[in-house]
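The structure that follows is given in the form of C-alpha cells.
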Amino acid sequence: MAGSTLASPTADAAPLGSASRARYVSPARDTWRRFRRHRLAVAGLAVLILMMVAVALGPLVWRVPINDIDFNAQLAGPSWAHPLGTDDLGQDVLARMLYGGRISLAVGLAAMLVAVVVGTIVGALAGISRGSVDTALMWLTDLFLSLPQLPLLLLLIYLFRDPLKQLVGPELGVFLLIVVVIGGFRWMQVARLVRAQFLSLREKEFVEAARALGATKWRQVVRHILPNSLGPVIVAGTVDVAAAIIAESTLSFLGLGFPPDIPTWGRILFDAKDTLDIAPHWALFAGAAIFLAVLSINFVGDGLRDALDPRKVM
Amino acid sequence: MNEQQLRDLIGAVKAGRVSRRAVVRRMVGLGLTAPFASLLLAHAGVAAEPAHFDYKPTKAGGGGALKLLYWQAPTLLNPHFAVGTKDQEGSRIFYEPLAGWDAEGNLVPMLAEEIPDIENGGISRDGMSVTWKLKKDVKWHDGQAFTADDVVFTWEYAADPATAATTIGAYQDIKVEKIDPFTVRVQFPKPMPFWAEAFVGTQGMIIPKHLFEAYKGAKSRDAQTNLKPVGTGPYRFVNFNPGDLVKGERNPDYHLPNRPYFDTIEMKGGGDAVSAARAVIQTGEYDYAWNLQVEDEILLRLEKDASAKGRTEITSGGNIEQIQLNTTDPGTEIDGERSSVKTKHPLLSDPAVRQALGMLVDRNAVQKYIYGRTGVATGNFINNPPRFVSKNTPWEFNVDKANEVLEEGGWKRGPDGVRAKDGKKLKFVFQTAINAPRQKNQAIVKQACQKAGIEMELKSVTASVFFSSDVANPDTYGKFYCDLQMYTTTMTEPDPTRFMRQFLSSEIASKANKWQGRNITRWRNAEYDAAYQAAEGELDPVKRAALFIRMNDLVVGDHAVIPDVYRPRVSGISHQLRAHLTGWDNDLWDLRNWYRET
Amino acid sequence: MTRYLLRRLLIAVPSLLGISLVLFTVLALAPGDPFGELASNPNVPPEVAAALRAKFGFDDPVWLRYLRWLVAMLHGDWGFSFVSRVDVDRLIWQRLPVTLIVIGSSQILALVIALPVGVFSATRPYSLFDQIANTLAFIGFSLPTFFTGILFILVFSIYLHWLPFVFRGDLGITGWRWYWEEFRQAAMPVAVLGLFQGASWTRYVRSAVLDVIRLDYVTTARAKGIAEFAVVTKHVVRNALIPVVTLVALSMPLVFGGAIVTEQIFRVPGIGSLLISSILANDTPVIMAVTFVFACLVILFNLTADILYGWLDPRIAYR
C-alpha cells in the first residue's frame, strides 16, 4: 500500500493507470476497481459482510435459545456446549451475541449514517453560504452541543415512545427512535469539521478555478469541495459507529432502548463489567465484536475515500 | 395464629418456658416486626434485654481515621430535611435521638436517661402519653447545655407545615410539653399503642433550639446550621461538600466515658455499590461500606479470597421485594385516567390467573441465583428466616400446577402456545425500575410464564422516573399503567401501621389524589379495611397484633401482591472494625460504640 | 475581522437567550420531580411533597418560572438547589477545581498523545508504527469508559495495589505529599479519559495530515530540498490543524461540564457527577446553572475556533 497516499503516480501504480485509460469504464465501476486495490478495505468489507451474515443467519444455525436459563452453568467459561461461555444466568453467550449483534450493527450503522449525513449537509451548507445562513446553522449546532442529553432523552421517550409504537409497531418504533436519538446527538461534530474544511477549501485555487469557469455553487460543492473534505467525515463515521453501539446500551438503562432482556453488544459489555475479574470471557467477545466492526468499517471508509479521490491515480 | 395463641406465647415467656428471643422471632414470622413484638412483650411486663456490647477501648480517641463509603452521597445534613437514608446517615454522625432501635427491636437510650415503660411510669396506662427523662450533663458541640427546651423545640420545628420537614408525619399529631428542664411529656390525640416514633431513631434526631430558633417555618432554608450541623453526637462537624464528602472529628466532651474511639471520621459518597464492596473487602481502602446492593455471587467471591480485608454483614430489616398485580384495567381510560378504580382488569380479575402467577414466581431461584443472602424467598409480606414462615401463607413454584389451574379456569393454549379465553390472550406487561438484579428477576419470571402459556412483555423504567411523584408522567409506579410491577417497599418504621396503609380502599392511588395514594394495586377488601380500623383503635397489644397478622394473610391470600424476596440490609465491614448494626434504625445509630480491634 | 468578531459576539447574546429558553422548556417538560424519593417512603405524608412543590414554585406555569430564573440570573443569583438547599454557585465552586484538574489534564494528555502519534503515523502510512498505533486507537474508542475504568481499577488497584480508586476531593494533607497523593488518585481517571479522547483524536490528526501531505505544495517544498522535519512541522501540520482546532474547541467546554461516567466510576467529585445527580433528582436550578455556563463555553470556544481558522489559513475570509 506504500505510495497509495502520494500525489504523484508511483512506479507500481503507473502501468495500471495507463491500462485503464485505454478503455472506457463507468464511474461506479471505476470506483469499485479503485476500491479493490485497497487490500485492507477489501478485507474490512469481507469481515463486515461476514459479521452481517453471521448475525443474520447465525441464529438459524446455532439454535440455542437466547434466554434459556441454566443455573448449573453460571458464568461458565467457553466449552463445546457454550463456545463463548455463559453469563450470570447461565445463558449462552454465543446465541446472545448473534442475536444482539443484529441490533448493535443495525443501530451502529444507521445512527452513524444519520449523524454523518446530517452533519455533512449542515456543515456544507454553513461552509459554502456566508452571513445569516452560516450564523443560523452554527447557532443550531451550538444549541445541540449545549443541550443536556439525559433530560432531553427522558422527554423524548415520554413524548414519542407510545405514538411511534402505534404507528410502526414496537420493534421498528424503538429502532427508529434510537437511531434518530443517537444520530441526532452526534452530528454536530461532523458539521463543525465539515464547515471548517469548507471555509479553507472554498478559497483554494482549484475551487477558484472552477468558479471562474462558471461552475454553479452546487457543482463547486459536490464535485470539488466535498470530496476533499471527506477525510474527517470518514473518521467521524468510524468513531460514531463505536459510539452508537455503546450509546445504545446506555439508552436501554434509561428505558429508551430495547427491552432489558435483549442482549445487544453494548448491553453485554455493561452487564459483564462487574464480573470482569471472575468471568472475563463474558465481556471479551462483546468487546472484540465491537472493535472488529469498528475496525472493518474504518478500512472500508479509507478505501472509499481513496477510491473516490480523483487526484489519486491507482 | 389468633389472639389466644399470641396470649399463650406471651404467657410461655413469662413463665420462662420459652426464651424471649425465640418468641420475638416467632412473631416476626407471623408478619409482625421485631420492634413491634418487643413492645408487645414490654407491655405484658416481659423486660427487654438489650444486647450487651463489648466495648474494649479504655480511653477516648487514638483510633485514627474512620472511613465510611456510601455509594449515595448525603446532599444535606439537617435530619428533618432528609430526603433519603443517605441524608439521615450523614446527620446521624452529629445528631442523636432520645433513643435508637437495636437489631432485636429493643429501644436503647441515647439522649434519654432511661426507656419509658409502665413500671417506671414513663408510659401512661391509658396509652395517651409517654414521659421521657433526659440525660443531664449533655452538651451541644458549641458548649451550650442540652435541655428539655431543645426537645420541645424539635417538635415545634418539625411539626410546623411551613418548615416542610420530611419528618412531619411523626410530629404533626402529637403535643409535647416540658415538665422540668430534663423531663418532657408527649401527648397523643388518641390511645397510642406505638408510642416510640417521635424523638426516636431515624426521625427522632434532636436539633439545638438556640441555633434553629430563628429559622423555624418559612425561613428554615436560611439556617447556616443546615450545612454546619451542631449536635450532641460523638463526632463534631469539620467540613461538608454536598453530594460528596462529610468530615468530622472527635467530640472531646462526649457524654459517654471512653468514647468515641476514632479521632476523625470521613463519609465519602458517590460511585456504585460493586466498587464500594471492592474498596472495603478487596483493597481495604475504606472501613465500612453502606447498603451493598450487589449480587451475592460477587460478594461471596470477594469475601472468599484469602487476602480479603473485610466481610459483609447482613442485618434483618423489614424491606420486601414484591410483585404487584393490577386489579384495574390499564388499557381503558375513564375520565382521563387509566387503571381507574371504575374498571376491572380483564385477565387478572380471574382468581385462577392470579393463583397461577403466584405459582410461576420461582422465589427460590431468585434467592439462590440473584440475591443469595441479600434476598430471602418469602410468602409473607413481612418476614424473617424461612424456618419461621407463617403456616397461613404457603407458597410453591410449580409450573405444572399453574398449567392445571389455568386449564381448569378455561384458559386454552392457542396455536402460538399462548393461552386464551373468550378471545382474550394471556398477555401481560411487567414493569420495574432499572437495576440489574431486577432485570434478572424479570427474566426468571418471564421464562416460567412462557412455559405456562403466558406471554410477558418486560419493561424497565429509570428509577428516578419510576419513583417520581410527577403527575404528568405515565411511567410512575403510582400510576401503574401496566399489568404487573415489581419494586421494594421499604419499611423504615418499626411499626406496621403506616406500612399496612398501602392496602386500604381509602388509600387507592387515583387521579383525584394525584396518584399520591399509598394503595398502588387498587386492591379492595372490606374485611381488611375493617381489621385496619379495628387495629388503629385497639389498645390491647395482643388483639392488635392478631389483627395485623390477619391483614397480612388477607393480602397474600388474595394475591394482591406476590411477595418475592425479603431484603435484609447488607454492609461491608473491615475485619478489624467492630460495629453494631440494626435493621430498624440508621447504620450509624450506634456510631459511639464503634472501634477498631488491634 | 474586528467587525466580524463584534457581530458574532452581539449574536451570541440572543442565541444564549434562545438556548436558555430551550433548556428551560426541556427541563420543565421532562418527566420526574425532585421529591420522588419522598413519595416512596411510607413515613412521609404526601402533603410534604406537595408543600415542597409549592415552596419551590413547581406548580407555577413554565413561562413564569423561566422569567423568574432569567431575572435572577441577570442579577447574578444562580438559584437555590432543591436537593441540597444551598445556593447553586456554592455547589459549583466546590467542584470546579477538581473538574479543572482532572478533565483538563486528560484533555492535555489526549492532545499530547494524538498530535505526535497522528502526525508520525500519517507521514509513514501503513508502516508498522502506523498499524500498531491504529489498532490501539481503534481499541481505545471501541471500549467505553465504563469498561476501561473498571479494567484499570482491577489491574492497578486490586492486583498491583499501586493506586487508590476512590478519589478524595479533600485529602487533608499539604505540601509535597499532597501533590504526590493528588497525582496518584488522579492518574487513573485522567488516563481513562485521556486515552479514550486521544484515541479518536489520533485518527482525526492522522487523516488531516494525510489530506495535506499529498497536496502539491508539500511536494514542492520537498522538491526544494527542505528537511523532512521542517516540511512536516512548518508546512503540513499548520495546515492540518484546522480539524484539530475544531475538535479541541468542541471538547474544551467539557473541562467545565465534566465527564459523567468516569467521575462516577472513580467517585471524582466533579461537575459531571453534580450534573447527573441533579438530573436524576430533577434539581432544575443546578441543571440550569451548569448547562447554561456550559452553553456559554460552547459558544465562546466555537467562536475562538472560527477566529483561529483565519490565523491558521490566512486565505479564509470572514464576510
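Of note:
Order of writing sets the labels: A, B and C. Residues in every chain begin at 1.
Basically, a residue touches a chain if its C-beta (ideal position, glycine included) is under 8 Å from a C-beta of that chain, and two chains touch if they have at least 3 such contacts.
The structure displayed is predicted, hence computed values, not measured ones.
Of the two chain pairs shown, A-B and B-C, the one joined by more C-beta contacts is B-C. Among the remaining chains, the Cα-based centre furthest from that of chain A is the centre of B. In terms of their C-alpha centroids, the spacing between chain A and chain C amounts to 23 Å.
Taking each chain's centre as the mean of its C-alpha atoms, chain A lies 48 Å from chain B. Remark: chain B and chain C have CA centroids separated by 40 Å (rounded to whole angstrom).
Listed for chain A are residues 154, 158, 274, each touching two or more other chains. In chain C, the residues that touch at least two other chains are 31-32, 150, 158, 279. Taken residue by residue, chain B touches two or more other chains at 462, 465, 473, 475, whereas all remaining positions touch fewer.
Put simply, chain A touches chain B in their complex at residues 67, 69, 71, 74-75, 88-89, 154, 158, 162, 252-255, 259-261, 271, 274-275, 278.
Interface of chain C with chain B (complex): residues 31-33, 35-52, 55, 80-81, 83-86, 91, 94-95, 150, 153, 157-158, 161, 164-166, 168-170, 172, 264-267, 269, 273-274, 277, 279-282. Per the touch definition, chain B reaches chain A in the complex via residues 274, 294-295, 297-298, 301, 365, 368-369, 434, 436, 439-440, 442-444, 446-447, 457-462, 465, 473-475.
Across the interface of their complex, chain C is touched by residues 1-2, 4-8, 130-131, 135, 138-139, 141-143, 145-148, 150-152, 154-155, 158, 188-189, 192-193, 196-197, 199-200, 203-204, 228, 231-232, 234-236, 238-239, 242-243, 246, 249, 266, 269-270, 273-274, 276-277, 283, 287, 290-291, 294-295, 298, 311-312 of chain A. Considering their complex, residues 69, 73, 75-76, 78, 81, 83-84, 161, 164-170, 172, 203, 221, 226-227, 239, 241-245, 247, 268-272, 275, 278-279, 282-283, 285-286, 462-465, 467-470, 472-473, 475, 477-478, 487, 489-493, 498-499, 501-502, 513-514, 516, 518 of chain B touch chain C.
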